[in-house]
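Two complexes, one shared chain (chain A), two partners (chain B, chain C).
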Partner chain A sequence: MSSDIRHPPPDAPLGDTAELEREGLSVTPVTQWMLFRRRFVRHKLAMFSLAVLLLVVAAALFAEQIAPYAFDEIDLRNRSRAPTLDGWHILGTDKIGRDYFSRVLFGARTSVRVAFTVAVLSTTIGTVVGAVAGYYRGWVDDLLMRLVDFILAVPFLAVLLVAAAYLGRGSPMRVAVILALLLWTNIARVVRGQYLSLREKEFVEAARASGAGDARIIFRHMLPNTLSPIIVNATLVVALAILLESTLSFLGFGIQPPNPALGKLIADGQGSMLTQWWLVTMPGLVIVAICLSINFIGDGLRDALDPTQPRR
Partner chain B sequence: MNVREPVLSVRDLVVEFATPDGVVHAVAGMDYDLYPGETLAIVGESGSGKSVSAMALLGLVPQPPGRIASGSARLRGRELLGLRGRELRQIRGREIAMVFQDPMTSLNPVLRIGEQIAEALAVHDPGGSAGERARRVVELLELVGVPDARERAAQYPHEYSGGMRQRAMIAMAMANRPAILVADEPTTALDVTIQAQVLDVLRAAQKETEAATILITHDLGVVAELADRVAVMYAGRIVEMADAETLFARPRHPYTLGLLASLPRLDRDQERLSPIPGQPPSLIDVPSGCPFHPRCRLSRGRERCRTELPPLYATDLPGQQAACHFWTEMEAHTAAVRAEVGAERREEAT
Partner chain C sequence: MLTYVARRLLFSIPVLALASVVVFFGVASVGDPLAELRLKPGVSQITIDNVIERKHLDEPLPQRYGYWVREAVTDRFGETVFGRPIWPDLTRALKNTMQLVLVAEVLSLLIGVPIGILSARRQYSLFDYSATVVSFLGYSIPIFWFALILQVVFTNLYRATGTRLFYTSGLSSVDPGTGLAFLLDRMQHLALPIIAIAYINVALYSRYMRASMLETLHADYVRTARAKGVREGTVTRRHAVRNALIPIATLAAINFGATFGGAIVTESIFSLDGMGLFFLRALGAREVYSVMAFLMITSIIVVVANLVADMVYGLLDPRIRYE
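Right after this comes the complex of A and B.
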């Protein structure tokens, strides 16, 4: 607070803070954001998960700087080696002698990029569709929600495989777009529900009475009120996208060689799983680490953003 | 009294709502003029159509189920009813601004107060600079008496008390210097101690913007405090219109008298209030003739009250109109009722 103590008029709310300060009591207003931060920081599992996730994501994004070898560098003298410090093959090598640590790093980079692209795209689509449906209701709502029902009703994996086979061969970004086009439905439903209740709020009517147009009301006035469920859902989509991308790549419909992806690495390694355990285990561990930590972060966010939680 | 042109002329406004039980005649033909700088209070019980009549001006009646069946509302000669889209949005907030009843729910909980007021400015001046708006926000908050306006503009609604929030709402309403300020029960949700302050702020805001004000309320105390003229509504119609002093001293409609007589008084000992007997009429099935006749003490079952809808008669007092066939009997009736209420009160006192 500022040092010059002003004298608010007698009707100043929340008691007279200046007076309390004169008595030596410090008065710090607690904002929603501070409460949220405090709750999140105290969520130990979420904080630990955040650290793990940041580590993995940072390693993935700086793969080029960290990796001791290029992901496609073949060394036929060092084929199928178990993890060893010799030549810093800390995760061993595959059957044509490529450093597996480097391949996992680059694979994680591809997967993380795809996952975040999917999260951003599907959250954007889902939010806009849900907001428009919930705000306008009527036939717009019916149309959009039937579209959601339709997408949810078709067998997910089958559509994914067909779409990936025809449209997404190879390029990670195409795979990301296909996944996003299938994953926005959940967010759309959540956002629609929020908008249905928000549109009846008096502050929305007040905004309308002050001359705000539909777009302004939808995005400027109502969207900030929906942010918490959107954030929580977006984190969960990241985990889901990593899993689905791995599934696709494992089945051979996702990202194509030479691009390494975590699912593809597992698929390539499964033939020799019993003799060369690291080929399946290491990328698998990375997938598990990313997904688990994201889910725990999602839990932490949900708890911290929920104002009905006790102020711990 | 007023030789000036009215800023707003409402004629024969009819608003209906379709419900499963039938058509609700929320506003059943309303005429009034609003002159620059004056405060017109619209008084009535819950469901008498006072809020709906104001919502109709801003195109805020949800359609469906609502329907503006007929009428016109001209703002400086320009028809408001039936405006759509961009034209309507230019009226809202810019020409006619609204202060809502409950400042707890009519402010957006996740936007800072300053942002919300800046929003109201930005809507009507998209090209304006953010810095200019921020300056204006602080100026407005100071004007409505929010202390430490600069710091408090950065706070969220939950950090404001109820009275402060209503001040912020008023600041937002006057942001664009509207020609008309509509205050819909501006003090109903507030503590009595805060009410007087908010009324002062409203008065200051009106002075600053020179806006004509429509004050919607059921609180005759607020009316006495703020209003120049009063329109009393019953069953979707104006039943009496007069300047505030005349209305309080010499009502010419039995319903107005009933409202006045039902007020609790502190200057006399009194255990029971004197309510108007009966219930407000159903707006689906409005009584025939004068809608007030089943509850009216003046009517005494007279044929004309049951069959003929009274128009607004000009009374003997300047500027006063009353929708009662027998307004000429009101002088005597008023004296009788007042004596009776006084006697009753004296009786209870002993």
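Right after this comes the complex of A and C.
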């Protein structure tokens, strides 16, 4: 299984520095990881987004500790209040006096948890399926791509409604699994496309000639060359999952009470959106903030990870 | 090429057949088709018995599946349990949704692809950063929320100024007029839903085009072309853009289904008489036959879109041969 065509380990210096050092030159080895880090840190939008995301995610995950009120704490003396510092209703209250900031915080916690579960599950499934289909072609490809065609042939929003009826509505983790089972197809297609063209490349041929097995070629030689589209896609999936989950919850088929959800908050606020602007605006802004920062981070990753780009 | 298309069309048949099986057994086992009918006041047992006989509801599921397929093919999906023919409602909704989705798709490609090319050509320029922020914002906005905000903004605009720029709901005015007046009225109604859908699609296409362009711009053959002294504009146009368009063609076709799905949400917010509203209404009324008809029609549209994507793929990339 030994192959002469190797990728340097991620933390190995690029090039032979020993020789230069013998000549008395001081050399700082530059590793792939350092290059990546340097590129990423320079991406100001991505760094800023990372800070925003960490803040929002931390606030969401520690909703229990941060929220000034419980998610469903009713205060009938403080109904439909605009955002105010009085009583710390910084995002106002809804029509039965529940603190809106707390509700949004708990809703965001659900969204974040669901989205990250979806991303991990769907990226794994999609990468493996796409790689196998693109590498082996033939009947394996046909079979897997027909499966992809089939999943794509029924719009997921419609399928989700049916699936929700089957698997019991309202549970965040069930919604996450359903979403993941429908969202891996895009990644599979992208990965397959990459593999279809990569498998004709010389380095694959060279690896095969030097006796590397299929699994080694697929995961050691080809996968590193596919990583950037996979990572870009995985970040897109996180954002997509949050958007889809909130859409489902908005339509009343996603996460349901007693589980808090941002989409449901917007649906509840829709009726009075012309008079009480914060009810629809605020949960939406949180969704936008999370998705926007995730997308910027993905963009930064894409630029930083791509080894074919000139060093900056 | 022709044999390939024929083979793919042939392949579509089992895909659609499988879809029909999943749709039927999925939907039919979820709910009792008669549930809503039984709840309706003034519906006699005789009416219900008639429906049971007409839809063969007293027979096991596999047989009912056969009857359903036959009815779908020979009688254009037949009638709902309430006795209303499905086809007229469905085609009217399909026509309206197609109007919306096609205009939005074409518009998004025409705007999104050039933005992506420019962004990649001038990576990290002011234009690139602005385009990135604007398109990322579009990509991060939930379509239903964006539609709601559009509604609020344009309702308040109308209230403040008293002049109507765009309508915030419906497909036509009570008296839409004829000819040009009708067209203008329709455009005023469709504008906001199209903006809602197109913004999100422009964001998607421009991002993918940018990523794809960056890939081709750093490819060896582009460097070779430059080394040979080909002018930069020609390099971009002839070498980079053409190859960068290949994944976009696939994406556009795949996304067509998603756009169609996105129309469900948009239509429900703008109360457009389209497929989305048809579907949500059918779900609300628990009318399984309409739901299944919707799912099948949408499946056919998406399968065709995928076929088109593969054909375009072959046209754009001469390395790909269809035997």
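Everything below uses one rule, namely that the second predicted complex is superposed on the first by the 249 of 312 C-alpha atoms of A that agree within 3 Å, B and C clash if a C-alpha of one lies under 4 Å from a C-alpha of the other, contacts with A are read in each partner's own complex, and residues count from 1 in each chain.
Note that in this section a residue touches a chain if its C-beta (ideal position, glycine included) is under 8 Å from a C-beta of that chain, and two chains touch if they have at least 3 such contacts.
This structure is a prediction, so every number in the text was calculated from the model and none was measured.
Looking at the superposed arrangement, the partner reaching more residues of chain A, out of chain B and chain C, is C. Contact with chain B, but none with chain C, is seen for A:N225 once the two complexes are overlaid on the shared chain. Contact with chain B, but none with chain C, is seen for A:G211 once the two complexes are overlaid on the shared chain. Once the two complexes are laid over each other on the shared chain, residue contacts for A:L243 go to chain C alone; chain B is not touched. When the shared chain is aligned, no partner comes close enough to touch A:L55: not chain B, not chain C.
Of the two partner chains placed by superposition, only chain C is touched by A:G193; chain B is not.
Shared-chain residue A:E202: touches chain B; no touch with chain C. In the superposition on chain A, none of the residues of chain A is touched both by chain B in one structure and by chain C in the other. Residues 11, 14-16, 18-19, 22-23, 26-27, 30-31, 129, 132-133, 136-137, 139-145, 148-149, 151-152, 155-156, 211, 214-215, 218, 247, 250, 254, 257-258, 260-261, 264-265, 268, 279-280, 283, 294-295, 298-299, 302-303, 306 of chain C are the ones that touch chain A when the two sit in their complex. By the touch criterion stated above, chain A contacts chain C in their complex at residues 45, 146, 149-150, 152-158, 161-162, 165-166, 186, 189-190, 193, 229, 232, 236, 239, 243, 246-247, 250-251, 263, 266, 270, 273-274, 277, 280-281, 284, 287-288, 290-292, 294-296, 299, 302, 306, 308-310. Across the complex, chain B is touched by residues 2, 6, 8-9, 11-14, 29, 31-32, 201-203, 205-213, 216, 220-221, 224-225, 227 of chain A. By the touch criterion stated above, chain B contacts chain A in their complex at residues 58, 60, 89-94, 97-98, 100, 102, 105-111, 119-120, 123-124, 145, 147-148, 151, 155-156, 158-161, 163-164, 169, 172-173, 194, 197.
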